[in-house]
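Each chain gets a letter, A, B, C and D, in the order it is written, and its residues are counted from 1.
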Amino acid sequence: MLILMDPGATAEQVRTVMDVLEGAGVRAYVQDSPAATSILAPHASKALKADRIEPLEGVSRVVPITSPFKLASADAAPGRTIVDVRGVKVGGRDLTLMAGPCGVESREQLFTVARYVAESGARLLRAGAHKPRTSPYAFQGLGEEGLELLDQARREFDLGIVTEATEVETFDGVERVADLVQIGARNMQNFALLKRAGRSSRPVLLKRGPAATLEEWLFAAEYVLSEGNRNVILCERGIRTWSAHARNTLDVSVIPAAKALTHLPVIADPSHATGRRDLVIPCARAAVAAGADGIIVETHCQPSQALSDGPQALLPSDFLQMVGQVTAIRDLLVKDSPGATFCF
Amino acid sequence: MLILMDPGATAEQVRTVMDVLEGAGVRAYVQDSPAATSILAPHASKALKADRIEPLEGVSRVVPITSPFKLASADAAPGRTIVDVRGVKVGGRDLTLMAGPCGVESREQLFTVARYVAESGARLLRAGAHKPRTSPYAFQGLGEEGLELLDQARREFDLGIVTEATEVETFDGVERVADLVQIGARNMQNFALLKRAGRSSRPVLLKRGPAATLEEWLFAAEYVLSEGNRNVILCERGIRTWSAHARNTLDVSVIPAAKALTHLPVIADPSHATGRRDLVIPCARAAVAAGADGIIVETHCQPSQALSDGPQALLPSDFLQMVGQVTAIRDLLVKDSPGATFCF
Amino acid sequence: MLILMDPGATAEQVRTVMDVLEGAGVRAYVQDSPAATSILAPHASKALKADRIEPLEGVSRVVPITSPFKLASADAAPGRTIVDVRGVKVGGRDLTLMAGPCGVESREQLFTVARYVAESGARLLRAGAHKPRTSPYAFQGLGEEGLELLDQARREFDLGIVTEATEVETFDGVERVADLVQIGARNMQNFALLKRAGRSSRPVLLKRGPAATLEEWLFAAEYVLSEGNRNVILCERGIRTWSAHARNTLDVSVIPAAKALTHLPVIADPSHATGRRDLVIPCARAAVAAGADGIIVETHCQPSQALSDGPQALLPSDFLQMVGQVTAIRDLLVKDSPGATFCF
Amino acid sequence: MLILMDPGATAEQVRTVMDVLEGAGVRAYVQDSPAATSILAPHASKALKADRIEPLEGVSRVVPITSPFKLASADAAPGRTIVDVRGVKVGGRDLTLMAGPCGVESREQLFTVARYVAESGARLLRAGAHKPRTSPYAFQGLGEEGLELLDQARREFDLGIVTEATEVETFDGVERVADLVQIGARNMQNFALLKRAGRSSRPVLLKRGPAATLEEWLFAAEYVLSEGNRNVILCERGIRTWSAHARNTLDVSVIPAAKALTHLPVIADPSHATGRRDLVIPCARAAVAAGADGIIVETHCQPSQALSDGPQALLPSDFLQMVGQVTAIRDLLVKDSPGATFCF
C-alpha cells in the first residue's frame, strides 16, 4: 500500500505510521517529495488492512498498489484536464498547433520561421536549444545562446515557447525561457529529469519513448505528477517497428487508448513519427481525426539546409495547407460530439 | 532482365530469344502465364544489352530487373486506378464503405446485419464463409452454405459481396458469389492463391500481411497483376508490433506511402487493426484522413454473441456515427484537392 | 468442447451426439479428417457437461476448449517425440545436421555441395526445387527438374532429402522425393497446405513464421497433427524485428520455451535467421547451446554465384568448423543432463 | 569533419583553426572535453579539404564525419580491448561471471547471496542500490545505505562490485563503491549520464537500450569514450519485440555483430533478456556460444520473496549448473580459436 501523508504532516506523525507498520512486521520506506511525504509499504496488504492506518493522524489517504496510475488516471479527475500554455488552452475545444524548426540555428533562421508560424495563426513556437543527438559528434544545439534567441522571438512575435530540457544540469536555463518544457522521447524514462520537471512551475510536454508501452508512458507522467506538477501534456511521436517506409510508425490508436485511461491532453508529432516530408500532413490529419488535441510539427524556411532533420520539415506553403485541414477536422469532430468532453 | 513477349508470341519466337540468350552464355527461364509469356534472365545484363533482344520478333518489352514493381508501380499507369465493384467505384471521389459481420453464422444473423448496412448507405457487404483460423479447432466458417446465404443477401438487399478465398481448392465457389474476392493477411504471400486470384475475373482485395513491408505487399499485388487481373485493391489492417494496447498497430502512414508508389486504390480495416470496439471509429477516421479510399469494418447486431471477433465489431448506432464522420472527412479532403487525383 | 469420435465411429453415432447437443440448444459442427471425425461445439460447456457426452457410443474423448494444443502439448505424449527421417533420429541424443544450397540450380552445383555435405558426416541434404519468392519475377526454382536431381543426389550420396512444398498443387511431386517435407515460414498459416501435409506419410519440417508467436506456431503444428501426421519437427528461423544488423532476429529463447510446451523436436536455421555469413556459425552454436535438436544451414560451393541467398551461405571450410563446434556443444549438454530428456 | 586538437592545444591555436574555417564560409563549433578540445564542422568537407587544416599547429587529427564511431571502432585499436575490473580481465581468455540479486534489500539478503556467488568462483557481485523503476511508487532501492552494504560485501567476500548509476546527481556515491559502474538500458541515451561516466575513473558497463540498434549502442559507447574513459564493456540484455513468450527477446546475433565492429568486450544479461527463470540458463549458454565475453545474471537465495524481479532470479543450485556449462562452452571455443582473438 501507498500511504499519502497530509502536506503538513509532522515528522512525528510519519514516525507513528512507521511504528505501526514495523510492529506488524511490514517493511516500509519513507518517500519525501515537495508535494507531500508518502510511505511505501509494498507488501503491507498481506499483514494489515488500510483501516489500521487511515485513522492515524497526518494520514491523508491509503492507496492500494494494484491500481497503478494514482494521479494520471482518468478516474482521478472530474473531467479532462486543460493545460494552459501562455494562454493557449491545450486539451480544450480548439486544436493546439506548435510549430518551428527542429533546432535553433541562428537569429535569422529562427525569426524567419517564427514570423510565418505567427502569421499562420499558431501561437506556440517549438525549437530546440539543447538537442539530444545519437552521436557525440553531431550538432548538439546552441545551448544558452539558443535559449536567448527563443526569448527574443517570444517578445518579437508574441509566441509561446516550447523547447526541450535534456538534463537536470541545464534545466534551470530552459525553465526560464520555456512556456512549455519538452521531455524528449529518449528521456521518457530519465527519472531524475522527470522528477525535476515535476518540481517545475512550467507545464511539461512528455513525448512517448520509441519503445514505450502506453502503461510505461503513463507511469512516466506519474513521475512528473507525483512531484507536484499537474500540468502534463502527452505526445505520441511514432514508435520503433520493422515497418521500413518511414522512420518510425505513428501509433495512431494510442491516442484514443490514452484518452480512455487518463485525463491529460494528448497531442501528436507527425514530423518525428515519419521522417518524410510527404507523409507529415497525412499523418497530422490522421492524428487529429483520431482525437489528438494538438499537433507539434517541424517547419523550416529552407528545409534542405537545416543542420538536423531537414528531410522531414514542412515548407511554409505545406504548413498553411496542413493548418487548414487539421483545423477543419477538429471542428467537424467537436460539432459531432454533443457532450464536449473532447474524447471522441 | 525480364523479357515480356507479345500476347500472341509463338513458341518459335520464344525459342529464338532463348537461343540468343544461351548463345551469350546467359541462363534463362521461360515463364508462362495466361496474360503473356515472359523470359526471366536474372544475370543477363552483365552479358548482353537490351538492344540485342528488343528487335527480335515477338518481343514486347525488355524490363531491367532493378525496377521491382513492373505493373503495380505508379509510373505504369496514366492516373490512379479505379476498381469497379458491382458499380461501386473504389479509388474514385467517394469513399467506399464495406461492412458486415466477421463470419456468416446464420441466415438471420447475416440478414439482420445486411439490412442496416444497406440502410446506412453502404453498398458492399463483407462476411466470411471460409474463415482462416489460428486453431484447427476454431469455427472455420459455414463454407458453401455461407456462400449461398451471401448470394441470397446480395439479391435481397442489392449489396455487392466481399468475401474471403482461403485456398485454391475452394476458390471457384468463392468466385461465383464474390463481387470482390478478399485475400487475407495470413495469405498475403500464399503465392499459389495470389496466382489463382490473378486468373480470376473478379477484383481482388489484398490485405497487407501482419509483418509485411510496403515493398513485399506491392510484390504480392504484382503476383496478382502479372497473371492478368488488373483490379487489385490494397488494404492496410494493422501490423504486429510490441505495442500492447491494441491487437495490432494501424500503420496509418503506409496509406500515403503506398499511394505514392502505386496507382492502385488503398483502403483500411480498423476492426482487425485494433481488435477493440472503442478504437475502431477513431482509427477509421484516421485512415480516411490519411487518404484511404475506403473502410472495411466489422459490424454485428449482437457483438457479444458473435462466434469470432465479437469484441471488435461495431454496434449499429456506432456504425452510423462512423459513416457520417468518415464521409465528412473524405469530402473535406476532396474539396481541398483541386487536381482530383485522390492522392492527398 | 471438442468431441473426438472413435476412428471407426458410424454416421449414426455421430448423428446421435449431434442430437444430444442440439437438444441442449448447442450449435455444433461436424469436422471430418482421415484420422477421425470430431464434433466442434464451441459454446457447449455453458449448456451441458462432458459427462453427458462421454458415455455415448462412438465417442473417444471430450476435450475442453480451454486447453488449446490437444496433440502438440507436452502433456499429450509420455516423453519427447523422436522423428525418424530416413534413419536419422531427430530429437534424440545426437544433433541433427541438415545442409545444402538454398535452391537446386544444376546437377553440377547440387552434386558438388552434396558431396561435401556427405563427407562432413551430415546425413540430410536440404535444397529447394520449388522456391517461394517475394517477387513474381525472381527465380522460382527448377520445379520437377529440381526434384529429379534431388532424387539422384539421394542415391548417389546416400543422403536423406529435405525440400520445400510451397502449394497443395505440387505437393504430390515433392512428397515422392522428400524424406522430410519443409513448410516454409511464409506458409506457416497456409492452412490448406498444413492440412495436406497432415495427410502425408512423410515427416514435416514446420518453420516458424516471421511474425508468429510461439502459440501460433504450435497451432500450425496442431493443424498437421490433427490430420493424422504425428511426425512434425519445429524450426526457428528468425523473426522480424526493427533490429537492423541482421536480416531477421534469431529468437533463441523460443527454443527452450517451445520445448517446455511441446513434445516435438525443435531445430534452428541460422542462415535465414541472420542473412549474413559471418553470423551463421555463432548463431548455430547459440541455438544448439539453447537446446536445439538440430541445425539446418545453407552451404554453397561458390556462394558469390548463387542465384538466391548467396550472401548467407557458408563456405565448405566454414561448414566443417561449424559441425565440429555444434557437435561438441551438444555432447557437453547431453553429458550434463542425467535424465536424457534432451530438454536441457 | 571533426578536428581533434592536441591535449595541450592552446586557445590561440583553436582560434586559428576557427579563423580558417570561418574564412572558408564554414560554420563550426568548439567542443570541450577533459580529454581534448575538438572542433565540429559538419558541412566543412564541401568547402575545404583536410589538408588545409592538418598542418595547423595544435591539430592532432582530422576525421571525416562519414565514419561514425571514431573511438569505439574495431579499426581504432590494435587488438581487442581487455577491461580490468578489480583484477578480472573482461574480454580476455576467461569468461567473466557477474552475479547477485537485482537489488540490495538487506545485509542478510546481500551477504547470503554474496557468499555463494564467491563460493561458485565468480569474482564480481552485481546488485542495485539505486533502482530505476517504471512506477514512481515501486521500491527504488536502498540508495546510500545499499551502497554501504555493497562496500562491506566487497571486503567480506573479496568480490568486485557492479552497481548501477541512475543519475548524475548520485553518481559520485556510486563511483566511490563500484568497481564497475552500470548504465542501465533505459539510460542508454541519457547523454548527461554517459558524459559523467566518461569522466569517471571506473570502468563502465553499458547496457543496450530495449529498442536500440547496434549503431545507436555504439554511439552511446562513443559518448563515454569521447570524454576520456576508455574502459567500456557492452551488455546485450534483450530487445523489445512482439514475441510474447519472454519479457524481451535476447538478440544473440548482436554479440558477434558488435564484436565485428568494435574492439570493446561484449557480455550478456540473460535474466533481463527473458524474465523467466527456466529460460535463463539456456540463454546464458546461447550468449556464450555466440561469443559473449561474460554473463551477468540475477541470483537470489529465495527468489519468491525478492522485492523486484523475483521470477527471473536463479536458485543457487541452478546458478552452479550454469557456471559449469557456460565455462565449458567458453573453453571449447577458445581451444578451437588458434589466433586467440576471442572473436569467434
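As a convention for this text, contacts are C-beta pairs under 8 Å (C-beta built on N, C-alpha and C of every residue); 3 or more make two chains touch, one makes a residue touch a chain.
This one's a predicted model, so the numbers in the text were calculated from it and none came from an experiment.
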Winner on C-beta contact pairs when B-C is weighed against B-D: B-C
Chain pair repeating A-B, as identified from A-D, A-C or C-D when over half of the contact pairs by residue number coincide: C-D
Subunit B-subunit D separation of Cα centroids, rounded to whole Å: 48
Cα-centroid distance, subunit B relative to subunit C, in whole angstrom: 30
Per-residue overlap in subunit D, given as positions that touch at least 2 other chains: 211, 215, 240-242
Pairwise touch network: line, ring, star, complete, or other: complete
In the complex, subunit B residues that touch subunit D: 240-242
Complex interface listing, subunit A residues touching subunit B: 211, 213-215, 239, 241-246, 249-257, 260, 273-274, 276, 278-279, 281-283, 285-291, 321, 324-325, 328-329, 332-333, 336, 344
Complex interface listing, subunit B residues touching subunit C: 2, 29, 31, 38, 40, 42, 65, 68, 70, 132-140, 166-169, 186-187, 189-192, 209-211, 215-216, 219, 222-223, 226, 240, 307
